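First chain A sits with chain B, and in the next complex the same chain sits with chain C.
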Partner chain A sequence: MSKVTFRKAVKRYGTFTALQPLDLNIREGEFLTLLGPSGCGKTTTLRLVAGFIQPSEGDVYIGDENVTGIPPQKRGIGMVFQDYALFPHMTIEENIGFALKERGDSAGAIRTRVWDLLELVELQGVQERYPSELSGGQQQRVAVARAVAHTPRVLLMDEPLGALDLKLRESMQIELRNIQKNLGITTIYVTHDQIEAMNMSDRIAVMNQGVMEQIGSAEEVYDKPTTKFVADFIGQINLIPVDLPEQTNGHAVTGYMGSEIKVGLAPGRILPTKRAVLGIRPEQLDIVPADTMPNGVNQLSGRIVVARFVGNVIKVEVEIGPEQTIVIDSHPSLMPQLSGGDEVAVTWKPEAGFLLED
Partner chain B sequence: MSTIDTETRTSGGIAPVVETGTATGIAPVPETRAQRTRGAVRWQTRQAINFWLKWIMVILAYVFLHAPLIVVIGASFNGGGEYAAIEFPPVSPSIEWYFEIPVGQFESLGLSFALAALASLSAVVIGVPAALGLVRSNLPGKALIGIVFRSPLQIPAVVSGIAFLQMFYLIGDTTGFYAQGGFIGLAIGHIFIAIPYVVGTVVAVLQRFDHRLEEAALSLGASPWRTFRRVTLPVIMPGVYAGALYAFMVSFGDVPLSIFLTAPGYVTYPVELFSALENDFDPSILASGTLVILFCLVVMIVVQRVVGLDALLKIGGTGKGR
Partner chain C sequence: MTVRWDLLLIPSFIFTFVLLTLSQTLFLEGSFYRDLGLGRTSDEFDFSNYLRAFTDGFYLTTLWITVKVSALAMIGTLVFSFPVAYVIARMRSRWGMILLSGIVVSTFITIVIKVFGIIIIFSADGWLNRSLMALGITDAPYTIIGTQEGVVIGLMYFTLGFGVLTLYSVVQTIPYSLEEAAEIHGASRIRMFWRVILPLSMPGLVAGGLMVFNMCMGAFTSAALLGGGKVFTLPVLIQRTIMMEVKYSMAGTLAAVLLVAVILINILSIMVLRRMRVARGVLA
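Up next is the complex of A and B:
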């Protein structure tokens, strides 16, 4: 169990910069997820910790040890790969015991440890079999057991659930998280699936084009995104181009098409200075009759384009300006009152919105 | 296809027609029983034709491949006169020709086995690292090196034979050591023609090799050498076996190259047979040929038992893999 630290780590391939200078502290025992679209640098970051690649500049630390330049086999890591990468010519027991044998443990010690690990991942009785004889989910568990057998300092996981179907993926998320908590092992997890990230992580680091845009708990990145990319990537959001805001006591004031909009300001929040967008989650918006008087809330008027029933909510699209629609999550019981073409007003509390640099 | 056809198909394959008719007879189908029966008959006939056609093709293929062998084996049991032609089926069966095989042929056979074993072994020793270099490294002239390693396949063996002969003379004229007409000359030539087979199969396996297996081994604390020994080599081993087997067979059967490099005392088995047939036909050739065929059969069975021929033929398949 060790912390992992990046100090100004950069990775370049020729003229392409896969990872912009990164400073990151991963705490002891933490489950940190690197989240972002493909090509965002999350796998590069993970492979820098593994030692499969070396930073072009800067340093990587595991615990207090600077591991820059140290090859993977000397780093004390464990890794789970997307397609598991189990050794096809070895039995499950040999797979799980691989690191222990390399370390020089006795055959008896290896056997005992493998049994314990199979119990941990709830797969007793398969030790004589070969990986091809197991299902995807079972192979996944073996891969995890193999990666933690030698009690590595860090556990690295590269989209380990990507090959499983949805149902299994969800139950494996919980299971992986439980195993990680049991072992208390520092874990870096790579995924492009935001739900997965939110389900499992202590903290999520959202990456885009080689830059770590924001790092925080699931609540923080969802409720208080600091960049437009993060706001857009995590969950659904309405982004409305607004006037440059001005700060007045405790909140910011901006405007859209002549309507004044108040935005609550969290302490330390920096206001956009070039072009501003206002972000509001669909579930934070309410639809009221067009003639309602504003009452301490922000209000924009518009026309319903369409209302779609999607099960637990109705997704209402409202046109609030030229080529500007926003989506509101409304309660299904309101469906009869919402029809295309109706003039309505959309309201939200000042603290529900946030201002971002466009 | 009418609906009844589908029904018949699901209700159980090649069941007799009449039975199918009765079984579904209760269902209110707007066709008469006779029509239904006809539909089923058509489908059944087609199934039967497919079945038999498949078997006929398989049998024809086997006959095509094995008929020459069977003729050779059969004719080797001919009895009678010294200058009997190839007779199949054998007349007055006997095994007399098996006692007429010249001792020289057994010596040649021994030489050919030694050569083939040496050639395939050397091809593995040279070819596996070569294949690793060709696939894994980023040498600047990689494509060119690949062509060099494959070239023995593209140059006609006769040309190679002449070239080796010339080269050995040249070397002999300057150093005084003439390699042709001896074991060393033959061995060099056979290794030359054997290498591409090992390089070819191992390159094929390596190209399909999942490099994350190696990353996994490294991450689990294995050094690069241990990773190669415990993971890479075992996974590519079927390809190595297959390449070695091909190399052995190519070396063992070679005439056009060997014929230039043989000399009295160093005549390979195929060259020996070739020259024996050239001079005059001796039925003992059939007998010795039969012995070699049987020997190869035994080797194949042993290989099948020990390694599994499927594994060899399925080169690159990671064996117990995904």
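Up next is the complex of A and C:
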């Protein structure tokens, strides 16, 4: 188990910069997820740790060892691939024992270890079979067992659940997380699925266009996004272009279409200086009758465009200005009172919103 | 009314039947009648030609040389073409396609032209020998023409492109992630090759190897030109038996021997490889 550190690591391909200078400390035993859309640099970051590629500038450390320039064979890493990359011509036992055999372990030691691992991933009895004789979920477990067989310093996972169906994916998320906790192994996980990231991670690093935009716990990146991209990428959000804010004792004050809006300010929060947007999650918004008097909350008036029942909530779209609609999650019991064309007011607490640079 | 596309097969079938099946049948049937000289054959059905083919040392030597040069050329072609196929299959840029096109084009240049290239370079007064002698490296000219080595080189030249094309398509079916998986779990490039690439290429190496071997067994032009009238393989000997000795029956016999030998060797190789079970997981 080792920490992993990036020091000003950059990766360029010709004139294209896949990874802007990255400083990142991944703690010992931590489950860190690199989250972002395709092409954001998350896979590049993972492959820099693996040693499949080398940084154009800067350094990568595993533990206290600078591994820049060291080939993948000598890094003491385990990895689970997107397509599992199990060796089709080897039995499950040979697959799981691959790293052990390369390390020079005796046949007996390998066998014992493989049995333990099959127990860990709950796949006893398949050691004589070939990968093609297993289901996708079983192959996934074999891939995990192979990756941790030699107790690597770091475990890398590159979208390992992408090929599984939704139900299996959810149970595997929990299972992978349990295995990781049991082993206490430092894990770097790549995904573009924010739910998966939030389900599994100690911390999430959100990446966009080669830049790590924010790193923090699931709660932090969801409740306190620091950039518009993070706010937009994680969960659902309403982004409303507002006036440039001014700071007054503990609050920021901004405006939309002449209405004053108060925004709570977390300590250390930097206010936008060029163009501001206000972000509010749909579940933080309430719909009240149009003639309600504001009572310590922000309030904007608008007209319901449509209300859609989606099961646990009603998604209400309200037009609050020219070409500006916001979505509110409302309780299903309110459905009869909400119909298209109604004039309503939308309210929220000052601390529920956050100001971001557009 | 349904369109009978299958009717389009009929012209090709007639063409093939007359030119190949019928002519070969007549040719092979002739092998059971004794040559009387000047192209005439006896009316008496017997096995005398076959008896001769399997007792006369000259014919047996020729069969042995044919198998030997074909096997050597096959090994040489596989050894040379595998790295090329591997590198091209793993290229990400369009250079891979350009190189592959180059190989296809050069493969389909007639072997006559290509072999004459070899002859020009390696002949006794070719520039290679003149340079070597001028530099004092050799006293007498060294030539591969008329030697078995020369024939092997000619056959390799003939089959190299086919080897690359076959193996290229095999390497392409091996996901690159398997190489990465082997390397990150501790295998050096060489170990990775032995444990992953080579076993997974085995079906392709067998198929490609047999194809190259069969091409060599039947190759005439490169064997004839580089054999220089001194090294005889069965196809060269068959041509000679027809054109110079005018013994159609004996030629038919040799053709039958060649055909049966090729089929037997192919069946045997496949049986041996099956037994080795090298590729069980791959074929499963």
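Rule of thumb we're sticking to: the second predicted complex is superposed on the first by the 358 of 358 C-alpha atoms of A that agree within 3 Å, B and C clash if a C-alpha of one lies under 4 Å from a C-alpha of the other, contacts with A are read in each partner's own complex, and residues count from 1 in each chain.
By definition in this document, contacts are C-beta pairs under 8 Å (C-beta built on N, C-alpha and C of every residue); 3 or more make two chains touch, one makes a residue touch a chain.
This one's a predicted model, so the numbers in the text were calculated from it and none came from an experiment.
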{"item": "Chain C versus chain B on the shared chain A, clash or fit after superposition", "value": "clash"}
{"item": "Which of chain B and chain C A:150 touches, first, second, both or neither", "value": "both"}
{"item": "Contacts of A:50 with chain B and chain C, given as first, second, both or neither", "value": "both"}
{"item": "Touching partner for A:78 - first (chain B), second (chain C), both, neither", "value": "both"}
{"item": "Touching partner for A:331 - first (chain B), second (chain C), both, neither", "value": "neither"}
{"item": "Partner chain in contact with A:8 - chain B first, chain C second, else both or neither", "value": "neither"}
{"item": "Footprint overlap on chain A, where chain B in one structure and chain C in the other make contact", "value": "50-52, 71-73, 75, 77-79, 81, 83, 85-89, 98-99, 102-103, 130-132, 146-147, 150, 156"}
{"item": "Chain B residues within the chain A interface of the complex", "value": "210, 212-213, 215-224, 226-227, 230-231, 234-235, 318-322"}
{"item": "In the complex with chain A, residue positions of chain C that touch it", "value": "175, 177-178, 180-188, 191, 195-196, 199-200, 279-282, 284"}
{"item": "Complex contacts: residues of chain A adjacent to chain B", "value": "50-52, 71-79, 81, 83, 85-89, 98-99, 102-103, 130-132, 146-147, 149-150, 156"}
{"item": "Residues of chain A that touch chain C when the two form their complex", "value": "50-52, 71-73, 75, 77-79, 81-83, 85-91, 98-99, 102-103, 130-133, 146-147, 150, 156"}
